[in-house]
Amino acid sequence: MYKIKISDLPALFDKLSEKYDVFLPVDFDNGAKYKKYEKGDVLSEKLNTVKSPKDFFFPQTEDMMRFKTEGKKIDVIDIREPKDDFIVFGVTECDVKSFEVLDNVFLSEPADTYYAEKRAHGVLISRACSKPSETCFCKTYGIDPSEPSGDISTWKADGTLYLRPNTDKGEAVISVISGILTEADDDEVNKEKEKINKILDRLPLKNLTTEGFGAGKTAELFDRPEWAGLSQSCLGCGTCTFVCPTCQCYDIRDFKTNDGVIRYRCWDSCMYSEFTKMSAGQPRLTQKERFRQRFMHKLVYYPENNGGLYSCVGCGRCLQSCPISMNIVKVMKALGGKNE
Amino acid sequence: MQKISRFDIINRLKDLLADGNVDRVLGWKKGEFRYDVTPHVFTSAQELEADFVWGDFCGANFSKYLIKETAKSDKKVAVLLKPCDTYSFNQLLTEHRFDREKVYAVGVACDGMADIFKIKKITGDGISDIKENGEDLDVYTIYDEKPVKIKKTDVLSERCLSCKSKKHAAYDELLGGDGDVLDSNRFDEVAKIEAMTEEERYAFWQGELSRCIRCNACRDVCPACTCEKCVFDNPNSGMENKSPANEFEEKLFHIIRAFHVAGRCTDCGECSRVCPQRIPLHLLNRKFIKDINAFYGEYQAGEVVGSRAPLVDFDKEDVEPKNAVGKEDK
Amino acid sequence: MQQRIGVFVCHCGTNIAATVDVSAVAAALGREPGVVFARDYQYMCSQAGQDMIKDAIKEYKLTGIVVCSCSPRMHEATFRKTAAAAGINPYMVEIANIREQCSWIHKDKDEGTEKAIILGRAAIAKVCLNVPLTAGEIPVTKRALVIGGGIAGIQTALDIADAGFEVDIVEKKPTIGGKMAQLDKTFPTLDCAACILTPKMVDAGQNEKIHIYSYSEVVSVGGFVGNFTVQIKKKARYVDETKCTGCGLCTEKCPVKNVPNEFNLGMDTRHAVYIPFAQAVPKVATIDPNYCLMLKNGKCGLCSKLCGAGAINYKQEDEIIENKYGAIVAATGYNPISMDKFDEFAYSQSKDVITSLEFERLMNAAGPTGGVLLRPSDNEHPKTIVFVQCVGSRCSADAGKGKEYCSKICCMYTAKHAMLTREKYPDTDVYVFYIDVRTPGKNFDEFYRRAAEQYGVHYIKGMVGKVSPEGKKLKVRGSDLIADKQLHIDADLVVLAAAIEPDKTARPLATMLTASMDTNDFFTEAHPKLRPVESPTAGVFLSGCCQGPKDIPETVAQAGAAASKVIGLLCHDKLTANPCVAHSDEWMCNGCSSCENVCPYHAITYVEKEFRMPDRTTKIRRVASVNPAVCQGCGACTVACPSGAMDLFGFSGKQISAEVDAICR
Amino acid sequence: MKSKNELLRENIIRTSGADVKKCMKCGKCSGTCPSYDEMEYHPHQFVYMVETGDIEPLLNSESLYKCLTCFACVDRCPRGVQPAKVVEAVRLAAIRQQGKNRLTPDGVEKYLDDEIPQQAIVSAFRKYTK
Amino acid sequence: MQVNEYKPLIVAFCCNWCSYAGADLAGNNRLNYPADVKIIRVPCSCRVNPAFVLRAYQRGADGVLICGCHPGDCHYTTGNYYTRRRMALLFSMLSYLGIEKERTRVEWISAAEGAKFAATMNEFVKTVTDLGKNRRLEDLRCKK
């Protein structure tokens, strides 16, 4: 365990950015967003960034390759450039856990090399959630925001930031900044954890459970009449999927350049009517079906295929950004066993 | 105009259901917290009693839902409309988007909606309850026993701060009476941007639009965006895309979107309300409205059903583009 | 299906080949995706060139062709026919304009070649997205409208009527006849204008196929070739045309006698009720509401009492008549320009400075002086007459007055005037100041020489600089360039050969007809050489001076040509419509009516239609439907449509975008 | 290398601001000129000779000082050629040569009498002097 | 000199009846204008969708011109009136977003105005050359 005064954080970021590209959440008008550290940037107090850190590993748009046409000849060009190590700082535990979900998808064979390369070079520095929001419900999925994981865990207490490396990657980072860190014991951190756990007990969604969901529940849930009412006001906009740290659907598209084609991928959303459109049409024709797909995937299909792991981490972003305030919590309460 | 209570609205809606005038009601449904209100179709008095809310977070504009809702059944649907919503309602009628005969429009008086982002800016996260207390809102958080007292006028939504009208442009009946068309200051922000230098304007919008994640919330909530198939979803349009690959596409999307609703946008402000990135999208639409007013005379979309939108109209003496651009005030 | 495109690059002799490396263009375009054949040739539009295209289409199984050549406005139709003859759809042809928009305007060969390749690439990109189109058919209304009742309009109407078609003449004056009716003699034969014109007027008046709307104006034109809808305003003449016998009693007895007589250009007066001249057609009186006492203040009514036929009707009102026509001929004629800006000639200062048209009236037996040449100021015989040519013609735009063009007829009519004067009054000295004497016409130069040689007219190469009235004389100062002298002539009469300009009604008419005009307000022809009597607007034809200055034989020839074009059109029962029309994708249409609002032809209507939706429900939706026979293909609807449901054949959004992409590569 | 004469011609055309090529040789300028009979070369000839580059005779001609600059020719020229400005430009070219001032301060005196307005002297001085 | 070598790319949409014919007339009269101008023929200026203008910029155009018949002379009677409104609003919006307003223009050029066509093109190319490359509304991917 190491520590550094909060007031010395700029020095820490400066030091880190000598070796790494450092990204940290900074405040903007009405929220927080990840930004590449530049001198003067201040770490945001807000826990949830609007876009989740999955963007660093699975960017919203990502060029994959190029085709160059000359006359009637086509060349395929790999446009990937060697990736440098980078740090994503201040990741909440729910977001850290989201990478478990994403890894299951992208790193299982055949591995997605674009994602894998970024994961190999990315260092996650997490932070404990001292001040969770009313929309937080990570506990529902057994995530402990007081005990963050990642390559390095951090806690903020009493004007001091405590750091604990968890992995080799984390140790390597610590070695870069060891000059400005001092050794520390666990006492303050333990106190902070206790404090956090007390707050968690006061959260409005603390009793939300996954009961009634999970592997094997398809038949039970699929035709429930509640879907109609829940989905009726859904606009199908896709905001929830774009702010979600675990949504991993993408579309591969071609962009015609002046003398060739760029093949790129970009996030897609199961909420879109065009989602997975094939020559025979779309598999899910109504918004109800598309709506159901998203929540069934989070709560039933994904756990079924991934050893019971839910593909929701309870970060609460969708609760904050849905234009019509429909969200997974309302779905779970309407359909779940013990809820309500 | 008088303040109308949830109780009064429910009573009236129950009567409407009971009379058989309508078989369902499009209204606001309470959420997990005070502020996460969802549009909902209520079908019974019990449902209304249990879940209907009316308060400072009932911002959603139901007009667009009427397209889908009226197509569902031959029975009438009752819809609650705030004054600003009625303009969208009329505009959709102008564009033949739903059957007026299938709608029973209940106008509700509105004194402005609160913006949860503004509240959170003051209180921080962890809101457990928000209670109306006269002109104030008492905001309770999980971090403090005592509420934070906030003047409602301090956290009013941007669009309500520059409300253009408290008068309903359409209704079958009114609850809480009617107000007046207001002399709003809604173009001040636009004028401020116009007064910037070209470089400043570029930098301003570059900063705003670069946050866009193309979640389509603005488009999908917009009561003017009712295309059966949006050009941005249509592979044949040449501009279909699912995400903004770069700065150009960020701009393209918002220019085209604003242009497509130019002359049809009623300035209801839903786009800015729902933007998760807090991009002031209404400033794009308002720019068109301001220009239309300056170039072609005052026009309020949705004020009158059947009015001809400025872009499908002309005057032989219209201003030339070269004399118009950059001279909006002259 | 993968397109197989052929590219044909034309040298156009050296017109293109001089500034564009045509073989390099062909080679470069041959490498474009989709192109399976590319070559250059001397003249693609020649028979050999067209045969080459046809052979290539067959041999290489081409699905579309691009011709890099002159403007599509020139030969698009030619190459479409070529393509059709070789068995592919004529609309699978695109033209890259590498002559007018490339070789002719660029001097650098590298630059020209590069641009030609880019233009060719754009055309290839477009043609790859072309779809075969089939032209529809539209019915033809077998009736023509001629606007203007001068010699041009009369001749056109007579020729059309002769072919058996109904034809209407709209004339804004109370009688047909136009300017020619005001002329005295005609060059170069010196036969009397009235003697040759009035029989034609009578023919027109009596021809049962011809209907004359005199004292009328066209107020609106709708529709398109084969199916124009025209509104004609018959102005109130306060005389029932069907009853008036033209006896003229009213015109003699009317107490208001001091009305300037426009037929004599204000050089004498007429009554408030009048028949412009003796041979007027229709020979019907007209009451001038600006002067008639009864119409002005309700007192008089004399004509009504006198009229045995009971034709006078003070309550008559303007009447709007709507008719359908298959073709329209503009024959709106000309007027001399105003002399306001040429006051060095003292036109406003002296009655004895007159225009040539006024001189015609002074020489005319039916004119204000009964055909005796008298000075307007004192009715004395002028002994010295100076004719000034080119007054207001051939002026530079920089000079800010006058017209840039040559008015064409002045040289000849001035020779005529000079000759007639010398013939009738041999004691008169006649001077003609000229810059050039232009006589390109049959027997024209002989005529002019006769004036100089036989009749002793003094032709002076030079120009009058100043005319100053002094007492009874007009002091004329001019240059004699051959003698290198400045001449000072004391003249009794100065006659100005004023430039002629299109009638003022032509411009608003052109707007109604959507026919294009040049900067001088002359109607533009579809092609200056090959289609001289057609407007670029289909179904609109040009006759007489509205297209450019002309003398009578030329006018009559053009009138006949316009008539033959009209006949050629009207003898069809159906016309082939332009297949490049709008069409709506009903699945995408919202039913918002934006397109309907902007369509100038009311070609779009909305229908309620039942759709089977993808989710297996049925839905009744309001969708736009385009009538392809009515649509003219402007594309206004395509942009008004927010969802992009509306598109245009031949100029689809995809095609234009592809052109943009190709150009910007 | 342009000849001296060509440079002179270009200079005159430039200072006159007139486009001599527009002249259609109608002679209206000369027909209107009040000084015609005083002049050896007439307005239309000025225009023509400048156009053809035959300038030397003009430079040495008294005609340069006979033009009243009344601008009648400019006003009436149907082609907008502005002959008076051409004359003026040639005159400038002449008097700008060394020692070619037409009017010197010493020479003014002989023109002075009770009739002539002082302003005429001033403007003549301006016109005829470098 | 590097500066002088910059050649702008200009896309000119010309209506078939007036401006395209005007361009032909400029050619007939051999009136020069820079080869940087590339013309796209459209039936009427009202066929020009704002999306085409943006697409041209996306693809690398430095200036876009929309040419039509003079107001009142539209072959289709009213098309250019709509163009005038649409483009006034579009251009105003582009300027509002900080895009140089001189890059985009509407010109009315009749079939008889070959000289005006050439003069307009010369002048516009100069204006755009002075502005330099379009950086604010370009899509860098296109040049990859």
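Order of writing sets the labels: A, B, C, D and E. Residues in every chain begin at 1.
Everything below uses one rule, namely that a residue touches a chain if its C-beta (ideal position, glycine included) is under 8 Å from a C-beta of that chain, and two chains touch if they have at least 3 such contacts.
Quick caveat: nothing in here was measured; it's all calculated off a predicted structure.
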Neighbour overlap between chain A and chain B returns C, E
Please indicate which chain is farthest from chain A, where distance is taken between mean Cα coordinates of the chains. D
Would you say B-E or A-C is joined by more C-beta pairs in contact? B-E
Find the most central chain, measuring centrality by the gap between its CA centroid and the centroid of all protein CA atoms shown. E
Whole-Å distance, chain B centre to chain C centre, using C-alpha means? 55
The distance between the C-alpha centres of chain A and chain D, rounded to whole Å, is 87
Cα centre of chain B to Cα centre of chain D, whole Å, reads 76
Taking each chain's centre as the mean of its CA atoms, chain C sits from chain E at a distance in Å of 29
Would you pick out the residues of chain E that each touch at least 2 other chains? 50-51, 55, 59-60, 72, 78, 82, 86, 141-142
Counting only residues that touch at least 2 other chains, which ones in chain B make the list? 231, 237-238, 245, 311-313
Chain D residues counted as touching two or more neighbouring chains: none
Would you please name all pairs of chains that touch? A-B, A-C, A-E, B-C, B-E, C-D, C-E
Contacting residues of chain E [partner chain B, same complex]: 50-51, 54-55, 57-58, 71-72, 78, 81-82, 84-101, 105-106, 136-141
Residues of chain B defined as touching chain A within the complex: 31-33, 35-41, 60, 65, 117-118, 120-121, 124-128, 141-143, 211, 213-217, 219-221, 233, 241-245, 270, 273-274, 276-278
Could you list, by residue number, the parts of chain E that touch chain A in their complex? 59-60, 141-144
Touching chain B in the complex, chain A uses residues 28-31, 33, 46-47, 50-51, 60-61, 131-135, 199, 202-205, 229, 232-233, 235-239, 242-243, 251, 253, 255, 264, 266-269, 272-274, 319-327, 329-330, 333
In the complex formed with chain E, which residues of chain C make contact? 71-74, 97, 99-102, 104-108, 111-112, 114-115, 118-119, 122, 510-511, 514, 516-519, 524, 536-537, 580, 598, 600-601, 632-636, 638-640, 648, 650-651, 653, 656-657, 659-661, 663-665
